[in-house]
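My questions will all concern the structure given below.
Order of writing sets the chain letters: A, B, C, D, E and F. Residues in each chain are counted from 1.
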Amino acid sequence: MDTGDAAWVLTSSALVLFMTPGLALFYGGMDRTRNVLNMLMMNFWCLLVIPILWVVVGYSLAQSGDGALLGNLDMAFLRGLGITGEDGGSGLLTVAFLGMFAVITPALISGAVADRMKFSAWAIFAPAWLLLVFVPVFKWVYGGWIGDRGALDFAGGTAIHVNAGIAALAAVLVLGRRRGWPSQGHPPHSMPLVMMGTGILWFGWFGFNAGSALAANGQAIQAFMNTFLAAAAAGLSWGFVEKFRDGHFTNLGVASGIVAGLVAITPGAGFVAGMSPIWIGLATGIICCYAVGLKNRAGYDDALDVVGVHFVGGLVGSLAIGLFADPAFFGGEFMAGSFYGGGLDLLGAQALGNAATIVYSFAVTALIMLALKATIGVRVSDDVENSGLDLAEHAEAAYSTGSASLAGH
Amino acid sequence: MDTGDAAWVLTSSALVLFMTPGLALFYGGMDRTRNVLNMLMMNFWCLLVIPILWVVVGYSLAQSGDGALLGNLDMAFLRGLGITGEDGGSGLLTVAFLGMFAVITPALISGAVADRMKFSAWAIFAPAWLLLVFVPVFKWVYGGWIGDRGALDFAGGTAIHVNAGIAALAAVLVLGRRRGWPSQGHPPHSMPLVMMGTGILWFGWFGFNAGSALAANGQAIQAFMNTFLAAAAAGLSWGFVEKFRDGHFTNLGVASGIVAGLVAITPGAGFVAGMSPIWIGLATGIICCYAVGLKNRAGYDDALDVVGVHFVGGLVGSLAIGLFADPAFFGGEFMAGSFYGGGLDLLGAQALGNAATIVYSFAVTALIMLALKATIGVRVSDDVENSGLDLAEHAEAAYSTGSASLAGH
Amino acid sequence: MDTGDAAWVLTSSALVLFMTPGLALFYGGMDRTRNVLNMLMMNFWCLLVIPILWVVVGYSLAQSGDGALLGNLDMAFLRGLGITGEDGGSGLLTVAFLGMFAVITPALISGAVADRMKFSAWAIFAPAWLLLVFVPVFKWVYGGWIGDRGALDFAGGTAIHVNAGIAALAAVLVLGRRRGWPSQGHPPHSMPLVMMGTGILWFGWFGFNAGSALAANGQAIQAFMNTFLAAAAAGLSWGFVEKFRDGHFTNLGVASGIVAGLVAITPGAGFVAGMSPIWIGLATGIICCYAVGLKNRAGYDDALDVVGVHFVGGLVGSLAIGLFADPAFFGGEFMAGSFYGGGLDLLGAQALGNAATIVYSFAVTALIMLALKATIGVRVSDDVENSGLDLAEHAEAAYSTGSASLAGH
Amino acid sequence: MKLIIAFIKPFKLEQVRDSLKIAGVSGMSVNDISGFGRQGGQTEVYRGAEYEVEFVPKVRLEVIVTDELAGPTVAAIETAAHTGEIGDGKIVVVPVEDVVRIRTGERGADAI
Amino acid sequence: MKLIIAFIKPFKLEQVRDSLKIAGVSGMSVNDISGFGRQGGQTEVYRGAEYEVEFVPKVRLEVIVTDELAGPTVAAIETAAHTGEIGDGKIVVVPVEDVVRIRTGERGADAI
Amino acid sequence: MKLIIAFIKPFKLEQVRDSLKIAGVSGMSVNDISGFGRQGGQTEVYRGAEYEVEFVPKVRLEVIVTDELAGPTVAAIETAAHTGEIGDGKIVVVPVEDVVRIRTGERGADAI
């Protein structure tokens, strides 16, 4: 393996690993003081259980073999992935890199189920969802029937964001609303944590998107530039919608817009160029800013707006490829978007891939949640919900700063 | 483009992006609870608006063409920057890398104007300053008349730190002092945030300085080493000045010294070697530690010491090149410093470049601020200053941790 | 030097630098509000004083020459380390990379002596320990008599974690217990800081371990994968021990497990493969979770469990190489572990290396501490211990958030 | 006039505030406290060490009322903060000699 | 002796402290509270959802004084905390039966 | 009944709590405050600028007790919080007209 490519993919893998703690802070900062640690733990749980699951069977089922629907077990337990062979370890490195994506995808869902889900249920949900939903969809998109139809997904718009976003919707529909929602609100307990999480996410996302070129080449460079511009543009447009609609340019709005822009450019990062990321970002910021209001009208309690940001942002970005894909710029063999002389074929392929993902992910996620509900239960008791999950579920408190609260044994 | 070079510049670009949230935390931690989010937003605003401005016209005006004073519009809208051409995307990557510098330079100024500037005024100031001050000075230094005279500025001492630092002075002179300053003080609301910001800045600064070699070569390695040593040395000497003068070795002193050292080594990172970064760092820590006291004597309210740290640190570092530049070590064609047999020519060139930057930046910044003052106004009302900018300007609160404060609708 | 290798080692060096602020937050979050800044400063102090010490004499004594016990001064002051020579700066880069390890190793010890050590004593202890303990042990392991016997230590299990961990034990035995320990406890003042520190440490540890290949090659890739898997496995098993023993799956348990797993895989990261990191991680999480309870039984007050995590974790990992080392996988010339047909030779070499390190480090650390105790004293007064070290030692407060507490002059 | 101090469960604050508004109370002052009582503490576990944190989070309310409003105020808090489980808290009635509204300088019942 | 409790605007704390010192008050105890009153709350907007945060940040002062000093103390607070705008806060005077200085065991006026 | 308020040094809280338990006190409410008094402030130094932070961290205790228990309660706090150094704090005894236990509706001494 070329050392420069290896250096970049190693770096990118580390960057994507860093995104999950970043996401934990982003979500945790938005949460209430008494549920912060439960939120952090839902994310860290993915960091613990999924790496192992991934190398044991996940990667192999998701990538090995020619199946249109599912991989096989040929690469289970990292079988055949050496460093002295011809590929110099690039296969192994790809497993590690993609493992970071496998970790963060279910973690994204945690923001929706905040404040009320039993940790034991989440502990089963996350790995079950990985195997039953993430793995097959990943295979369809990268090396299966969706990819075969020409649908494009550079770094995981369909496979990750639309997938996790719609799963979040299914999960909260089974889980039910928080007590008091929507009449009672609670502001973020620590906006500095939210902004720090946003910074880490943006930083890490350069690895997510530009690393997905799996090489330090021109496509990685353009993906990097797209990641830079789309995040900025979406943060800007979300901020301005709030400014004109609600009266203020808010930190949470900007943070949300940045993340939405990062989500939206993910699928097209290696297929669009020029000013396209700016248009995609601007549109995403506006659409997602309105989309997060949907839950109040539709009545589903998506606590931290996973549906509005990841599902909607991912879908917008994935469909936008149908308009903006520019194979000439990349010297690539993929279909061109409508604005680049490609008609509607690519848009159709994108729509199909996302539609299939939405139907499958929603259905199977709902089934997993229903099975958990019927067995161990998915919700904490009202008492625990009132007094906070940190103490009840984890026997910990996020902050113990005062002398009074410090008076232990 | 060589893959190793691409890998390093991609990584460096991500690192420099990460510095702006790091700077936001560094400044935000020093600020009062009620103004934290305004401080964060002044920094994040630069992350939103400048990337777009940079690719649309900024980069082209700053780098394209042979003008001694200003670039042209040939590369506006990223025109001509492809990845399939001969350069393999290295031109595009440079735009992204330098874009990160364009983001953070105006953000540096935010620390000076803290606690009293209208956000609407800042929202116009930052992009206006970028185009009217940063862009021309950048051109003069890198490819214009200052650079032509042999003045050296490896990663932006003159173009970034002296420039932003003197602009901060001009800005606060127009803006005026905070109510109660200097008789009333307020300690940093969260020193852990300040120290975290410091850590992120140092980490990111390796990309800033070593990335400025635009290759993974020996010069990058030496720039890396210099960045390591100068920051340590300046933190150490600042800390000891405080210890002997004020009685304690403080975290804020160390953090300030580290940042001052990073600032000071920025211009010379690719031109000095051996023990020079240690001498530069030690001197900077001492000088800047005294320089931050100037504001009290001179009467300008530079809230978080942008002048004392960035202007003075940048100037010290830039002039130090005139003493320490060592072309033999680098096998480079630049002038030698006085200590390396180069006489006073380089020092003269450095002085000239900085003098021109100081005059131009101060004057144009003052004009921008005066224009804003005369039109939309630059200061929040006394009421807002008393009760805090977060709520009034952004309708948000940084922390909502207690039950009492959480009792929303 | 190959640009890809340079890019990766530059990146890794920056990552390891970032670990020390990460460690500061990890420790600082666990500490009480009134001692946070002292904890941060013990770590930052290492970032200030050790880089300079390292290039002046440390590196040369630790690596230059053929001595079995100590290096010489040939490379003091970076003598002979250029970038225009044949190695293209790779020697210089190695000094920087290893300098980051020199910084963090004494910093590890700070967690043990928390809440009661005079800062002036720590200020002398850290550099003295570096020269008298770290430097010789480093030489023995990498290029001295321990390494010569075939003992393996990829990224610093013996040289760093066992070394610092046993030193922590010696230090606290001389220093004595905190007032009120063990009957009085105090929960972590900020678990979000702890979890953020954990995230930064894991992120940075990819540079620590995979960077130790000093190239972007297959060994780096496998080391990366091992770092990913062992941390996850150890976090998981520590979490489950707590769940079954104490009743809850806690954030602090998971964070501790992750760090223990990172420690344990450090020595073998470039020598083990396949499922081995998972086994090593699982075992480490269990063993270290029980090991941190030892202090209560044995009566030494290791405040933040440096012995239980770094000493025990490092030892487990180092001995595990004796079982799991797999030269065939790496095409390497090192001895095989027992499970890979290597008999007990490697295990013996590992045991010997660690035993020597333990004896030497414990004894010399105790002597340094005793000397400090006999001269300037090592403990703050009872008054300072009661009211907190931040104010007394650094004249600062970690948080000043309320209006009341803000009412300064 | 009376100063009525109440220690209640945090999640009951909103209900209590709403009841007080209905009862005609025009203002109140609230802060977080740590309460010790029959309810007993919480056990937190850090690295295997159990901490018997004997203090539990409570909210403290202060309401200044006229003598007539004292009864209804106590009743409103009592009803709204009640769950019937241990730890519901206490209400204390303290006599007040004078009250001043800083804005207007009004004294006594007018100042409330 | 009296216990004088005041709820004031946070940014007025320094002025009040200085006035109290001039009035001869030798000590006070202060904490942050959330106040509810005529001033009305603040509206915060998070992701488009408006939160009517009805509580505003205030500072609570407690001053123990002798009977003679009670009047001047109230007056000092009143003057220093006054802005004339809604939300300036209240002062409450509560009777005190005894005061003890922990350090010396002094009681009554001597303990203040 | 009495409301006993004490301002003490933070690190003494545990000892005071234990003494109060021994004295027969069944509950208390505690919060952090900033105290101003003879002890004088702390000097913090940020970037060379000295801040005379005149307020020092203290802990505030509130204990409601029956008349009989008032003496022992004051004594228990006095002894446990005593260091003899300046800044040990004060104890204030305030008369109480009524106490209510929210859980049961008990009034007066029964409610404590």
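The rule is simple: a residue touches a chain if its C-beta (ideal position, glycine included) is under 8 Å from a C-beta of that chain, and two chains touch if they have at least 3 such contacts.
Keep in mind that what you see is a predicted model, and the values were worked out from it rather than measured.
The chains in contact with subunit B as well as with subunit D are A, C, E, F. Repeated interface, listed pairs C-F, B-F or B-E, reference C-D: B-F, with more than half of the contact pairs matching by residue number. Distance between chain centres (mean CA atoms), subunit C to subunit E: 50 Å. Rounded to a whole number, the gap between the C-alpha centres of subunit A and subunit C is 33 angstrom. One finds 43 Å separating the Cα centroids of subunit A and subunit D. Residue positions of subunit C touching 2 or more other chains: 2-5, 7-8, 11, 184-188, 190, 196, 200, 216, 246-248, 250, 252, 395-397, 399, 402, 404, 407-409. In subunit F, the positions touching at least two other chains are 11, 14, 17, 30-34, 44-46, 50-51, 53-55, 57, 94-95.
Against subunit D, the residues of subunit F that register as touching in their complex are 3, 17, 26-31, 62, 64, 94-103, 105, 111-112. The part of subunit E that touches subunit A in the complex is made up of residues 44-51, 53. Those residues of subunit E that touch subunit B in the complex are listed here as 9-11, 14, 33-34, 42-46, 50-55, 57. Subunit B makes touch with subunit A in their complex at residues 1-8, 10-11, 13-14, 17-18, 20-22, 24-25, 28, 36-37, 40-41, 44-45, 47-52, 55, 77-78, 82-84, 88-90, 92-93, 95-96, 99, 119, 123, 190, 193, 196, 200, 216, 393-402, 406, 408-409.
Residue ranges of subunit B in contact with subunit E, taken from their complex: 184, 386-387, 391, 395-397, 402, 404-405, 407-409.
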